[in-house]
Amino acid sequence: MLTTDLYASSVQHSLDLAGIFVFAISGALLAVRKNFDVFGIAVLAEATALGGGVFRDLVIGAVPPAAFTDLGYLLMPLVATACVFFLHPHVERINGAVNVFDAAGLGLFCVAGTTKAHDYGLGLTQSAVLGLVTAAGGGVVRDVLANEVPSLLRWDRDLYAVPAIVGSTMAALLIQFEALSGVTSAAAAVTAFVLRLLAMRYGWRAPRAWHRRSSTAEDL
Amino acid sequence: MLTTDLYASSVQHSLDLAGIFVFAISGALLAVRKNFDVFGIAVLAEATALGGGVFRDLVIGAVPPAAFTDLGYLLMPLVATACVFFLHPHVERINGAVNVFDAAGLGLFCVAGTTKAHDYGLGLTQSAVLGLVTAAGGGVVRDVLANEVPSLLRWDRDLYAVPAIVGSTMAALLIQFEALSGVTSAAAAVTAFVLRLLAMRYGWRAPRAWHRRSSTAEDL
Amino acid sequence: MLTTDLYASSVQHSLDLAGIFVFAISGALLAVRKNFDVFGIAVLAEATALGGGVFRDLVIGAVPPAAFTDLGYLLMPLVATACVFFLHPHVERINGAVNVFDAAGLGLFCVAGTTKAHDYGLGLTQSAVLGLVTAAGGGVVRDVLANEVPSLLRWDRDLYAVPAIVGSTMAALLIQFEALSGVTSAAAAVTAFVLRLLAMRYGWRAPRAWHRRSSTAEDL
């Protein structure tokens, strides 16, 4: 039995759509800030929401990717585009709320990505890596398309990779010990979600290389 | 019967090569403007001409992609590179002509991409999206490699996505109503082509988000 | 018999890991220069080391890519990350040595990429192109993620594509004439390696488009 069967599929599908929606919002908001037109907003919303999952599906051989088989996945970012297009001053104002939803998407996608990769026969470590890619890849695609340094990589942004790594690793360990269920996978997703919220609340950051300043100040 | 069989294949192949050539010219010209060397010009020409189609083929599972099975697809951008390398002041001078050819490539690729995706079993909406990706994806790859904001996304460029969306949608509707033939698919391609020419002629642009200026001026 | 069987597989695997390690070092060093945090360093190391091979494997249909089946491929960039994180002033100081290793990786990967693509049924020309992509693709991914113009494309960098093209072409010709063996493929890799060293030693560069300056000075 596939591990994804452990989820009530309709619940899982709704959670996927919710995750896609909030990631699309983050893409659309960046597009507005970059002064893109309505089609640029839609492209960035789609790429942000679906980029991580499409890459995962290409790697594991799940072709065509879910984004191109389930119409809802493709349409949800257009709903997000419409919301941002007409309401973006209000959406900006609730930016905190958007960040909370984005953290929820991060938690959902790192667990869902890990279990799907394992369903397709990848090892546990590789599955956890693809969980991270699923959760964080869309944001990287978003920033590359917007011609910015991916916020995932920057030292001056709150921790983003660590919560996803923790969630993915928990999911992989649950699979390893045959303890993956709706409840335990929800616990992994919630752990990643809460860690991300705490990182934003307390400004947790990751260290840069030792002695960095002395030797590279001239490069900046 | 596959819908692509509706085309006389030799005619279709010639049109594909023509589309690849003009897209490659647009990549090579940007490479010259960015001061790249001859290999940089060739890489950008290849990526611009083949990027959209390779992504489509990976998504639909047509592996290896056509760009790696048909030698002409791989060589045509090198011909474009040679033309631009030796003749680029003249090519720049006929930039208007290049834009017309690029519009023709847009028309051809959005229809060909839609029909190929449908041949591989994708739904009509997804096929139309992949038609758009085939037509516009190479330009996005070009701009990302050249470290510029993709012109597809920018509000201060004439409409590019809309003509491709119209052409892709027409192709999808023709498939839906079993009316796809050489003549009707040519009509879809010509419609996209003419719309793109009109967009350039009259400077048609897409709107940006409402009230954008008030809330985001400080971000620019 | 597959051409890769010609290698003693354990030797080949060690060479692959060595190539991945040196490419990862180059990614990690750029990440430090760009002021990324430790996770940004790890992501850039992974992307640089594995990007070219993952793209090749997706194109030839070797799914999941080797980077996601062989755990060593995934872990080696983390070792490189740790080295650069703790020792980077020393690693910077031996930058010359890193460049020599990078040249060795270039030689190994262009030959290995060509033979693997041919094993999966691609034509000789396409296989040579994928050998180039395997060797140079990771560096392009690295520079795109770091929001820089890929050094592969820039005229003011020493030749990088030409050594890889020579090595890939030699490997393709060896396959063509059924002369591929451990010795001859090593000769192709060494040729690419030595050419790259010479290009760095003597500052070999590729020409830009003719009459470039006159017509495009205003764009710079």
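For the reader, a short list of remarks on this structure follows.
In this document, chain identifiers A, B and C correspond to the written order of the chains, with residue numbering beginning at 1 in each.
The rule is short, and it goes like this: contacts are C-beta pairs under 8 Å (C-beta built on N, C-alpha and C of every residue); 3 or more make two chains touch, one makes a residue touch a chain.
Just so it is clear, the structure is predicted and the values come from calculations on it, not from any experiment.
Mostly differing positions are employed by chain A and chain C in their mutual contact, as under half of the interface residue numbers are shared between these two copies. Note on chain B versus chain C: their Cα superposition corresponds to a rotation of 120 degrees, in steps of 5. Chain geometry summary: the mean Cα position of chain A and that of chain C are 29 Å apart. Touching two or more other chains at once are residues 58, 144, 147 of chain C. Partner chain C is touched in their complex by these residues of chain B: 31-41, 43-44, 54, 58, 63-65, 68-69, 71, 74, 84-86, 88-89, 92, 144-147.
If you check the complex, the residues on chain B that touch chain A are 58-61, 120-123, 125-126, 129-130, 140, 144, 147-150, 152-155, 161-162, 205-212, 214-216, 219-220.
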